[in-house]
Amino acid sequence: MTLFLTKRIAIGVLTLLVASIVVFSIMEILPGDPARIMLGMNAAPEALATLREQMGLNVPLVERYANWIAGMAVGDFGNSYTYRSPVIELIAERAIVSLPLAVISLVLSTVIAIPVGIFAAARRGRLGDTVSMGTAQIGVAIPNFWFALLLIYVFAVWLRLVPAGGFPGWAGGIWPGVKALILPSIALALPQAAILARVTRSAMLEVLGEDYIRTARAKGMPRRYVLWRHALRNAMIPVLTILGLQFAFLLAGTIIIENVFYLPGLGRLVFQAITQRDLIVVEGVVMLLVASVVLVNILVDIAYAMVDPRLRARA
Amino acid sequence: MKIIVPVLTAAAIALASGTAFAQRADVVIGVVLEPPHLDPTAGAAAAIDEIVYANLFEGLTKIGPTGEVLPALAESWEVSEDGLTYTFKLHEGVKFHDGAEFSSADVKFSLDRARAKDSTNAQKGLFAAIESVEATDPTTVTVKLSRPQGSFLYNMGWGDAVIVSEASAAGNMETPVGTGPFKFDNWAKGSSVVLVKNPDYWGEPAALERAEFRIVPDAAAAIPALLSGNVHAFPNMPAGDALSQIQSDPRFEVVIGSTEGETLLSINNGREPFDKLEVRQAIAHALNREEIIAGNGSGLGTPIGSHFSPANAAYIDLTDTYPYDPEKAKQLLADAGFADGISATLKLPPPPYAREGGQVIASQLRQVGIELEIIPVEWADWLSQVFTEKDYDFTVISHTEPNDIDIYSRPDYYFDYHNDEFNAVIAELDATSDEEKRNELYGQAQRILAEDVPVGFLFQLPKIGVWDAKLEGMWENAPIQSTDLTEVRWAE
Amino acid sequence: MSAEPTSPPVEGVGQFARAAFSNVSFVAGFVITALIALMALVSFVWTPHDVINLTVANRMQPISAQHWFGTDHFGRDILSLIMMGARNSIAVALVAVGIGMGIGVPLGCWAAARGGWIDEALMRFNDVVFAFPALLSAIMITAIFGPGAVNAIVAIGIFNIPVFARVARAGAMALWPREYVLAARASGKSATLITIQHILPNIASILLVQGTIQFALGILAEAGLSYLGLGAQPPMTSWGRMLFDAQTRMMVAPHLAIFPGLAIVITVLGLNLLGDGLRDLLDPRLRRQR
Amino acid sequence: MSLLEIEKLRLSIGNFEVLRGVDLHIDQGEVLGLVGESGSGKSMTALTLMRLLPELARTSGRVTFDGIDILNAPEAAMNKLRGDDIGMVFQEPMTALNPVKTIGEQVAEGIRWHTGANRKDAENRARTMLDRVGLPEAKFPLSRYPHELSGGQRQRVVIAIACALQPKLLVADEPTTALDVVLQAQILDLLRDLVDERKMGLLLISHDLAVVADMADRVTIMRHGEVMDTGETARILTEKKHPYTRQLAEASMHVPARTPRFVPPPLSPPDKGEGDADAATGSGSSVPGGKLIGKSSASTSPSPSWGGARGGGAPSQRDAAQSSRNAQTGPLLVLEHVTRDYAGRRRSFFSKPEPFRAVRGVSFALHEGQSMALVGRSGCGKSTLARMILALDRPSSGSIRFAGEELTTKSEAELRPSRRNMQVVFQDPYGSFNPRHKVERLVAEPLHLLELQPSRNEKRQMVAQALAEVGLSTADMDKYPHEFSGGQRQRLSIARALITRPKLIVADEPVSALDVSIRAQVLDLFADLNQRLGVAYLFITHDLMVARAITDQVMVMHEGEIVERGDTAAVLDGPQSEAGRMLVAASPDLDRALARRRAAASI
C-alpha cells in the first residue's frame, strides 16, 4: 500500500510540475499589459511605468517562474494585479463558493445516478429501464448552461422559489447560501448524473453477467441480495473511474455555470482574470484546479484499492 | 460544539433584521463591473467611482445630477481676476471615517499626492495646471495655477480628485476611509461591496442604513436578478432587449437618461486610405444611425453628429452633416479611386454596443463596398493593440469621460488625427473661463469635427436606470460616473 | 482467453444492414445525424432567408409562416441561422475529432507496439493533459490566440488527442498478444505493417464508437465556448453563438434561445444514439448485455 | 422414487431449441455422468434444474427434485433449494468467486442465509468445510481473497460452497476442464470422496469420456439436445451399442496410423565425444525406457540438463562448435542453456524486484522430420519456450540455433530466412485469425517472408495447394474465418503454417480446444503431413493422449526445466521423473478406467 501510494504521489507531483511549466509558459505568451489594464485608457505613461515596477513585471522570466514555484510551495501565490491583494486570499474567498457547489453537485449526481443505474440494470429491458435510460440519454445531450437558463426562468423568475443568481455569502447563515446554490448545483449535477447513471447501469450489467453472480445465485441468495451485496461493489470500479473524471468536468463546468448564475466562485475568478490579464491569478487558480484533479485521482486510486483486494495486493 | 453557537446567533439576527424594520433602509444596487480596488485616486476604472464617489469619498467640489459644479468639502471659493488663484473655504467639523479630523492639510496632501512624480493617479492631467497648494489655515486652502484653466472647479469634482487622509491613504484600496455619508463595511470579492451609514456625517445624513453594491456582470444575469427582486436598482442596467418588458412592468421605474458616452466608429486616420477626407465622408454617408442604434444591444441611444453630449448646454445637433446615403457613399468612394471597394478590419471590444452594433456597421459598410473583417478583442487586447499601439483600422468604442472633446487634439491619441484649426480652438478653450465664450468655442470644435469626420459619430450611450418604483432619489442622468445615494430613500 | 475487444466481421453487407435496421438506437441516431448533416450541407447552397445582410427593422419577430422559428436581434431568420450554425458546430467538432484521431491513434498504436518507456511517457503525458479541466484549458487557449472557430477547434482537438491515444492503446494492447498477431510476427511482419494490417482494422470499430462520442462532446464543448463568447465569431455563427446572443433576450423572445438549444440537444442525442447503436452492432460482448 | 427426475424436458432460448425432450434421473447417492460435445445441451440441463437460465429461456416438460416441481416452483422456494439441497460447481474456478469478498464470507454467506446461524457459527462451519476440501485454516485463513489462491484451490472453495450444507444433489458442470491433469485428478478425488462420505447424488457433466468412466455409476450421452444413450457406465462404454457412443469412444482413444519417419543419424564413434545434441535426439531405441535426468544437477550445474545420461556432460562450447560445423547435416534446432526471466513484482519501493524465472537452462535438439512432444503442467514454462523458439520473445541467456543460424541475436530482417522455415499453429482456432481478412489473405500471410514475392496468381495457387493439403477446397479461399467450424479453422491454421514449406512447425496445444471427434481428425492431419512432407513438429501439450498419438519423442517439463526425455511410448508407459509420473498417473485414460470399473464390479 505504501509503495503504491508513494508511486501515485510521485506521479502526481511530476504531473503538477509539468503542468506548472505549461501554465506558466502559456500565461507568458498572453498579450496585454496588466498595468495598462489597471490604470485605464487615459493613464499617464509615468504612472504605468511606476506600476509595472511595483508589480515586479520587470524581472526576467525564469526568475519569475522560480519565485512563483517557490512561493506556491509555501502557500504564497503572489499578489493579484487587478485586486492588489494576495491571490491565496482571493482563492480562499472564492473557494467557499466553488467548493460547496462542486461538492453538492457531486453528491447530488451520485445520489441520483447510482440508484437509477442500479434500478435500470435490475429491470433491464423493462419499462423502468427504458424510461430512465431514455431520460438519461437526453440528459447527456443537454448543455448544462442551457439547462441552467431554463431553470432560472422557470424556478427563479416564474415561480420565484429560489434566487436567480448571486451569492449572499455565508455570513447571513447557511440556508441563504445553500439556497443560492440549489439551481447551480442542479444545473451542474443533472447532465453528470445522466452520464453516471448510464455508466452505473452498464457496469452493473457487466458484473451481473459474471460467473460469480451465478455462483452466488446457486448458493440460494435471492436476486436482490446478490444485486446489492455481490454486484454493486464490483460495479463500483468503473463508476469510481467516472466519478474521478467527473470531478474535473465539474470544475470546468463551474466556469460556465458560475457565469450564468453570477456566483463569485473560482470559475468566475479565473474567467475574469483571463479577460483582465491578471496572469498571476490565472496561474494560481489553474494550478490549484490541476492539483485538486490530481488529488482526486489519487483518492480514486485509493478507493479502488479499498474496493478491490486485488489492487490492494498489487499495491 | 461551541463553534456553532455564534453562527446560529448570527442567523437568528439575520432573520430578525429581515422583518424587524418597518421602514426599509437597505438597498441592493446592481453594478456591472467589479472594481479592481476601491481607491478612486489610483485607478481609472469607472467601477470604483460608481461605488465610492459621493457616497464614501468627497472632493472639494461635487458634480450634480445635471453636470453642474456644487460645493462639497469646500463650502465656498473665490477665484482671482487672472483666474490663477483659487481660495477654498472648507467645512468645519468634518471627520474621516476612522475618526481623524479633516483639515486643509488633508487637501494639500491629497492634491500634492495626486500630482506627484510617482503618483499612480490615472488622471494626472486634471492636476497639470496646479502650481502650488497652500494650507493657509485649518479651513482655508489656496491653490495657485500656472495657467488659467476654465474647467478647474469641474476637475476638482472628479472622483480622481477626492480628498483622502494621509494616515489612511495607503489602505484605501482595500478598506477605503473617506468623509462621505457612507462608510465602508465589507467587500466580498467577486460578489459585492457593502457600505453602511456614517452616523457622524457632517452634512445631511443619508436615509439608508445599508447599501450593497452587487456585481451583476451582464444582461443575462441582471434581468432575472431584477425580476426576482434580488437587486433593487441598476443605475446602469445592461438591459438589452428585455427593456421593453421591464418598462411595461409597474413594479419598476425605468429612466432613460444620457451619459457622457459618445459612441464612435473610431477610424485610424494615420492609415491609408482613411487619411482621405472623401473616404471618411463616404463612411459617414454609409452609416445608418437609426439601424445601428436599433441593433446596438439595447435599441436605445441618441444619434450624434459630433463628439458632444446632447445633454450639455453647448451641444449642437449636427447629425445631418452627412445624412445616410449609400449611393452617395459609393460615389465618393469611386471618386476617391476605390470603386472596387476597400477591405479593412474592425476590432470590437466586449461591450454589446460594440460587438452587436459592430455587426450592423459591418453590414452597412459592406453595402457600399467596404468589407470589414470583424475581430473581437478582450479589453486588455483592445487597450494594448488599439489604444496604445494604434494597430487597427476601425473600432467601435464609447468615450465615457465627460467633456472630453479635447482628445482629438492630443498628439499621440489612437485616432492619429491632426488638425491645427481644431487644436487652436481647444487651446483657446483651455484658457477661457467665461461660460458663454466657452460654449461658443465648444460649438466651433463640434462643427470642425462634424465636417472633417475623423471618426464615425454614432450615438450617445444611454443611461438606462432601472429601479424599484418605490425607491426615490436615484439620478436620472450620468454626468459623471457615480451612483450618488445621499438622497435615496424608500417611499412610504 | 481475454475478452474479445474487437468486433467479428459482419456477415456480409446484407446481414449488417438487417442487424442495423433492427437496432432502434442505430436507426434513430443515424436518421437524426443524417438529417442534421443534410441540413448543414443544404445551407451551403440555400437557406430560407439571407442571413449575411442584416435587416434590423425585422428584428425579433415571433414565429410566423414566413419565419418558422422567428427572427433574431438583427432580423435574421433563425431557421436559416440554425442551418448555417450546423455547419460550424459540425465542422468544429468534426475537425477536432480529426485532430484527436489523427494524432492520438498513431500515438496510442505506437505506444502499444513499442511498450517500455515510450508507453510510460505517453501515459504520463495523458495524465498531465487529463489533469487540466478541458474547458478551462480551452478558455486559456482561446484567450491567448483570440476567440474564434479555428482556435476553438484547436482547443477541443488537443483534448481529444489523449482520449484517442488511450482508446487506441488499450485496444492495441489487447490485440498484440492475440494469436493472429503472433502468427503475423512469426511471418516476419514489422510492427508498422502489423499495426496497419491487423491492429487498426480491428480497433476501427471502437475508434468509430469513440469518435461519435467525442463528436457529440465536441458539439457541446463548442457550444460552451461560444456561449462564453470564445467560439465562432460574427459574422460566422454557430449554435453556441446563437445562445450567447439569445441569453440576454430570453425573457422577451424565448424562441431565440429555445431553437438553437434544441438543435444542440437533438444533434448530441442523435450522435449518442448512433454511437450506442454502433457499439451494439460492432461489439458482440456489449450486445449481449443489452 | 428418484432424487431427481427429468422428463421430456424441452428448452428454447429465443428461436433456438436447446433441449428437445431430455429424460434422465439420479438416485440418492448415485453418480450420473452427463457426456456430450459442445452444443449438446448438457450445461443447459444443469442450469435448468437450478433454474438459473437466461431470461429469454422457455421450458416445458417436468423436472422433479425431491418431490418439488422445479419448473413451476416459486422463486422463494428455489432460493431455499439452491445451495441447501442442490449445490453446484462450475467450470471456471478463476471467475466463479467474487473477487472482492473473502473466501470465508463466500462460504459462510450461504450457511447464514439458509440456517440463520450467526456470523460466528457460520464461520466455524465454513472453516470446517474449507478444511475438509483441503484448505486448512493454518494455510488458508477465512480472510483470504480469491486472487490469493490458485485455480485448483479456488475450485476447492467453490466445492466447499456447494457442499457446505450437505446438499442431496451436487451438480458439477465440467469442474476440471479448466485445470491441468494433475489438478483434475485431485479435484475428482475430492468430489468422489465427498459424494461417498455424504451420500450425495452427483450430476457430473463432462466432455471427457475417460473422466466420466472413472467417476460415474451411470452415463447419459447427449447430442444436439437429445439423449443418445444411457445406462450403466461399464456396459455402455464397453458394448458401445449406440453408434454415437461408439464414435465418441473411438475418437477419445484415437491414435493416428503412422510410423516414425525420423531415422536417427548414425552415431559417431564415442571416443570423438560426439555432440550431446546428437545423442539426445536419438530415437531412444538404444536407451530403453527413456532417460531420467538428475533433477539436482539440472538446477545447479550449468551443463545441459539432458547431458547426464550418456557421455558425461560435454562442455557446451564444444557442443556449440560441433553444431555449427554440422550446420548442414546436424540437428534442425538446437537450444543451449536457454533461460528466460521476467521482471517480478517489487516488494517495496527500495528493494529490487525479484525476477521470476520461467525457463531455466533448457537445452535440447530436434532433427529434421522429427516429431517431438513437450509436455508439462500449466505454468511449467512450455509456452514461453515455444515463443522463444519462434523468436517472438528473446531468452535472457542461452542460445537458440535453427538450421545452424543463431536466432537470439538477429534483427527482425535477419530472421526472415529462419522464419520461412519455421511456422506456428496456435491453440485457439478462434483467436488465431484476423476476423476481418479472407482465407486467401490469411493463409498467404507467411508468403510475406519470401525473397521473391509471388504474383497474385501464383499466390492464389500456393494458397489453393496449401488448402488442398489440409483437406479444404479452393472455394474456401474467399470465405471469412468465422464461416468455418473449429476443426476447419485449425486446418486453416495448418495450411497457413505449411505455405512456406517450413522445416519445423511449432504447435502450441493445437487440439486442446476441439471436441474429441474433431480432435481425432486434426491429429490425423498432423500425422499425415509429417509422413508426407517430412516436416518436423514440436508439439506443446498437456494432454498425454495427444503426445502419444503423434510424436516420436517426448520431453517432460517441470518448473522451467526439462526433467525427462525419451521415446514417447517409453516415457508415457514408464515415467522415471517425479513430474512425469504424476502427469501419467493423473491422465485420464478410458481403457484404464473401464478396466478398473470392471475389476471393481467383478469383486
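The chains carry the letters A, B, C and D, assigned in the order they are written, with residues numbered from 1 in each.
Definition applied: contacts are C-beta pairs under 8 Å (C-beta built on N, C-alpha and C of every residue); 3 or more make two chains touch, one makes a residue touch a chain.
These numbers were taken from a predicted model, which means no experiment stands behind them.
Shared contact partners of subunit B and subunit C, listed by label: A. If you compare A-B with C-D, the chain pair joined by more contacting C-beta pairs is A-B. Chain centres computed from CA atoms place D at the largest separation from subunit A. Per-chain Cα centroids separate subunit B from subunit D by 88 Å. Centroids built from CA atoms put subunit B at 39 Å from subunit A. As a whole-number value, the distance joining the C-alpha centres of subunit C and subunit D reads 47 Å. Note on chain placement: the centre of subunit A and the centre of subunit D lie 51 Å apart, centres being C-alpha means. Contact with two or more other chains is made by residues 220, 224, 227, 350, 378, 381 of subunit B.
Looking at subunit C, one finds that residues 143, 247, 250-251 touch two or more other chains.
Multi-chain contact residues, meaning those touching two or more other chains, occur in subunit A at positions 31, 125, 149, 153, 157, 259, 275.
Contacting chain pairs in the structure are A-B, A-C, A-D, B-C, C-D. Those residues of subunit D that touch subunit A in the complex are listed here as 50, 52, 55, 75-76, 78-84, 87-88, 90, 92, 95-101, 106, 109-110, 113-114, 145, 147-148, 158, 161-162, 345-346, 348-349. Those residues of subunit C that touch subunit A in the complex are listed here as 124, 127-128, 130-136, 139-141, 143-144, 216, 220, 223-224, 227-228, 240, 243, 247, 250-251, 254, 257, 261, 264-269, 272-273, 276, 286, 288-290.
Within the complex formed with subunit C, the residues of subunit B that make contact are 218-220, 223-224, 227, 238, 240-242, 244-245, 291, 294-295, 297, 350, 352, 355-356, 358-360, 362-363, 366-367, 374-378, 381. Partner subunit C is touched in their complex by these residues of subunit D: 387, 390-392, 412, 415-416, 419-420, 422-424, 426-428, 431-436, 442, 445-446, 448-449, 480, 482, 493, 496. The touching residues of subunit B, when paired with subunit A in their complex, are 7, 10-11, 14-15, 34, 36-37, 43-45, 117-125, 173-174, 188-192, 214-217, 220-221, 224-225, 227-231, 350, 378-381, 383-385, 387-388, 401.
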